[in-house]
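Written below as structure tokens is the structure these notes are about.
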Amino acid sequence: MSTPLLTAPLLTARDLTLHFGRVAALDGVDLEIHPGEVVAIVGESGSGKTTLLRVLSGLMRPDGGEVSYLGQDVLGMGEAARRRLMRTEWGFVHQNPRDGLRMAVSAGGNIGERLMATGARHYGNIREQASHWLTRVEIDPARMDEVPARFSGGMQQRLQIARTLVTLPKLVFMDEPTGGLDVSVQARLLDLIRALVADLGLAVLIVTHDIAAARLLAHRMLVMRHGVVVESGLTDRVLDDPQHPYTQLLVSSVLAA
Amino acid sequence: MSHDPGYNFAYLDESTKRMIRRAILKAVAIPGHQVPFGSREMPLPYGWGTGGIQVTAAILGPTDVLKVIDQGSDDTTNAVSIRAFFRRVAGVATTERTAEASIIQTRHRIPERALREDQILVYQVPIPEPLGRLEPRIAETRRMHAMADYGLMHVKLYEDIARHGHIATSYSYPVMVNGRYLMSPSPIPAFDNPKMDQMPALQLFGAGREKRIYAVPPYTSVKSLDFDDHPFRPIRAPQTCELCGSRDTYLDEVLTDDVGGRIFVCSDTDFCTERQAVREAAE
Amino acid sequence: MYVATKGGERAIGAAHAWLAEVRRGNPDLPELTAAQVEAQLGLAVDRVMAEGSCHDRGLAALAVKQARGDLIEAAFLLRAYRTTLPRFGASTPLDTNAMALQRRISATYKDLPGGQVLGPTFDYTHRLLDFCLAAAGGSPGGAPEAEASTAPSPRVTEMLAREGLMQREAPVEAEPGDLTREPLSFPADRPLRLQALARGDEGFLLSLGYSTQRGYGGNHPFVGEIRMGEVAVGFTPPELGFEIDLGDITVTECQMVNQFKGSRTEPPQFTRGYGLVFGHGERKAMSMALVDRALRAEELGEAATAPAQQQEFVLSHCDNVEATGFVEHLKLPHYVDFQSELENVRTMRASVEAGR
């Protein structure tokens, strides 16, 4: 795995803070992600990593700090602009596919929604694209007209990924995408994500508590604890030579398991 | 003809009428946009045309000539009842002739005869929100309108085609007004949708229970949603009117016995009567 | 040749005449007067005033008579009449602390200052049909009268609040919205929600309140206090500049006490669900208080998952005049749309057949 060439960052966050009562969910978090780069945010549940993802994608307002995407102020932009971004250049893959799919709408309709939202008006072309994307995520295109409720958990998650990637976003947020799945299914999904990300040159910000997933996918990683980024760097460096005691604990617990 | 002295002209007091007219003006200024208004309780039940009645009451003047239709007919019970209401509380002249009316209040149809610039068509609307079946939360649908975020509506049409081979919406068929707002045309049959496009008459829509007014100003673009390769297709029974011989109007199916006997007649009774007269004159 | 059925003005006229005849019933029996309805079916009159959102016992009694005892129809008649009334202004807020109590009970304390006053209640009656009432004539012996109590009856919720255990309602100076003038928009603030609930359907609110007790949005309620009695209605005409007393009306008020675990900004304490209705309407006031509290879920940082906690669901469907109109409008002809559906289904069937 090679680090992408140095370019202007796609998304930059500076000094993000957010408190729930006396609990700090984010405490002075800085982050950058470049085009084509996969960055993992790891930590235990409650470490603030999902909150960070929600703040970066504009779903939640921090108490302080700034987020900019290609020079645009994400926190200051209107909802219309943020929604437009969310259905074109950004994508969001939820842990639970039910949160990212329309369960009563066919697989083809799920994939077609983003296309139609951005102006596609040719039924045949939409079907063709849907078929293409189902193939890419290893779902039989013959099942295009079935509703996702009839799919297995792994298939639902792959469908959610197809639905997100159909507009070729520049930046995809993933929140524990393998979270609710069996171990064998997880491995297959991680392979698929890795292949798609490399093919399409996507930038991905992935939240996970799974160190193995981070090692497989991410160029760089951030370790979070109590709302603070305690360590960050190239994935191999962080995992092979952890500096912070908490990272050392995380890594050793994986090794022990 | 004079009106019942127990009530203000056209039932509503003048300040309420002014409030409704302000809502109408706003609606005309933003074609297809639903304007909330302080809908009043009327002496007819919600769902029976209270929105249309309030709009009509607000724009009605003593010299207006009112026509009321339901299902295209002047003689259906609710049309009769609303006409009688306005005769009583406004004392205005009423007519069954489309050509003679200055205001036409309608439920579920647009008259077959082309309307003119000096006429106003008032629709009774049960559910003004075209996105309601897909997203029941009003706060959310308002946001979708504000952002012109209409992908979901196309998903619905996509699903229709995927499932049935064609768009299976036959009435309340959603339209895009002036290229900006998605609008429910009220439960008129899809057959009537093309009549809304570039209509010379002002079209006003009143939803009493849902407390919304919206409008299509004269000569405004009204397009039925569709796909390039599955264009909008108005549906009508393919038969001929038994009474006037029409082949291009919307027909009602009338059962004549219980063993499958049926005939088809024009739903627009005034138009049918006129055609019959023309036909008889020619014979 | 067959001609489509026509409604026609004559048929409608005849139907109305028939209705009048059925309303009168057997002419050999004396006609019921509105005054009798007002005096002897008082709870029906109260309900019609509450849901008709118009306080006039005489008109409500007339509406009950005209509606043949159909209380939703009667509320509808009263609402339509209400539309024609000129509006002079808003009364000053009712002071229910100063209520002339007919009934006042608390379930949270065995006894309390001012005491428990049972008042005219069904609560402890055995629900045995009383055949004495079927026989005409005879009047009940008068109820024994006690000395009117002069002891003050402070609010249970206020006593808790003094101890810091009950969340205080923040006073709002702003003029509350009026949902009879401005359509409800969402999210609706609490004054608007309470207005909608106060004129909402008793049965609907009862079921929703009940659902919160059965776990759909549970909020551990206690009846802090129910009080029913007469309060003065004050009004300040702008041309006078001072408040005048318009007279007394009977209202029922319920304050539910609910547990609250605390949030980011609030310590653990009790919170309040509030209900207030015209007349003697205890079931409605209690249901309203339960639903009011359920609708505060979001404000208090609770998960709003149950129907009773979702304000769009509750407020959009609690009005029975709206609900009955829209449900009953299905009786109106829909044959034009049905014709489109017929053609549609025929087309779909044809394409399925062709595909076989």
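Chains here go by letter, A, B and C, matching the order in which they are written, and residues are numbered from 1 within each.
Please note the rule applied: a residue touches a chain if its C-beta (ideal position, glycine included) is under 8 Å from a C-beta of that chain, and two chains touch if they have at least 3 such contacts.
Labels paired with UniProt names: A = Phosphonate C-P lyase system protein PhnK; B = Alpha-D-ribose 1-methylphosphonate 5-phosphate C-P lyase; C = Carbon-phosphorus lyase complex subunit PhnI.
A quick note: this is a predicted structure, and the numbers were derived from the prediction, not measured.
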Going by average Cα coordinates, which chain is farthest removed from chain B? A
Two candidates, B-C and A-B; the one with more touching C-beta pairs is B-C
How many angstrom lie between the CA centroids of chain A and chain B, rounded to a whole number? 47
Where the centres are mean C-alpha positions, what is the separation of chain B from chain C, in Å? 34
Given the complex with chain B, which residues does chain C contribute to the contact? 1-2, 4, 6-9, 11-12, 76, 79-80, 82-84, 86, 180-187, 312, 316, 321-322, 324-329, 332-337, 339-344, 347-348, 351
Contacting residues of chain A [partner chain B, same complex]: 79-80, 83-84, 87, 102, 105-106, 108-109, 112-114, 116-118, 121-124, 126, 144-145
Per the contact definition, I'd like the list of chain B residues that touch chain C in the complex. 7-8, 11-13, 36-43, 45-48, 50, 70-73, 75-81, 84, 107-109, 126, 136-139, 164-166, 168, 170-172, 187-191, 209, 211-212, 235-237, 242, 250-254, 256, 263, 265, 267
Interface with chain A, chain B side, in the complex: residues 143, 146-147, 149-152, 154-155, 158-159, 161-163, 226-230
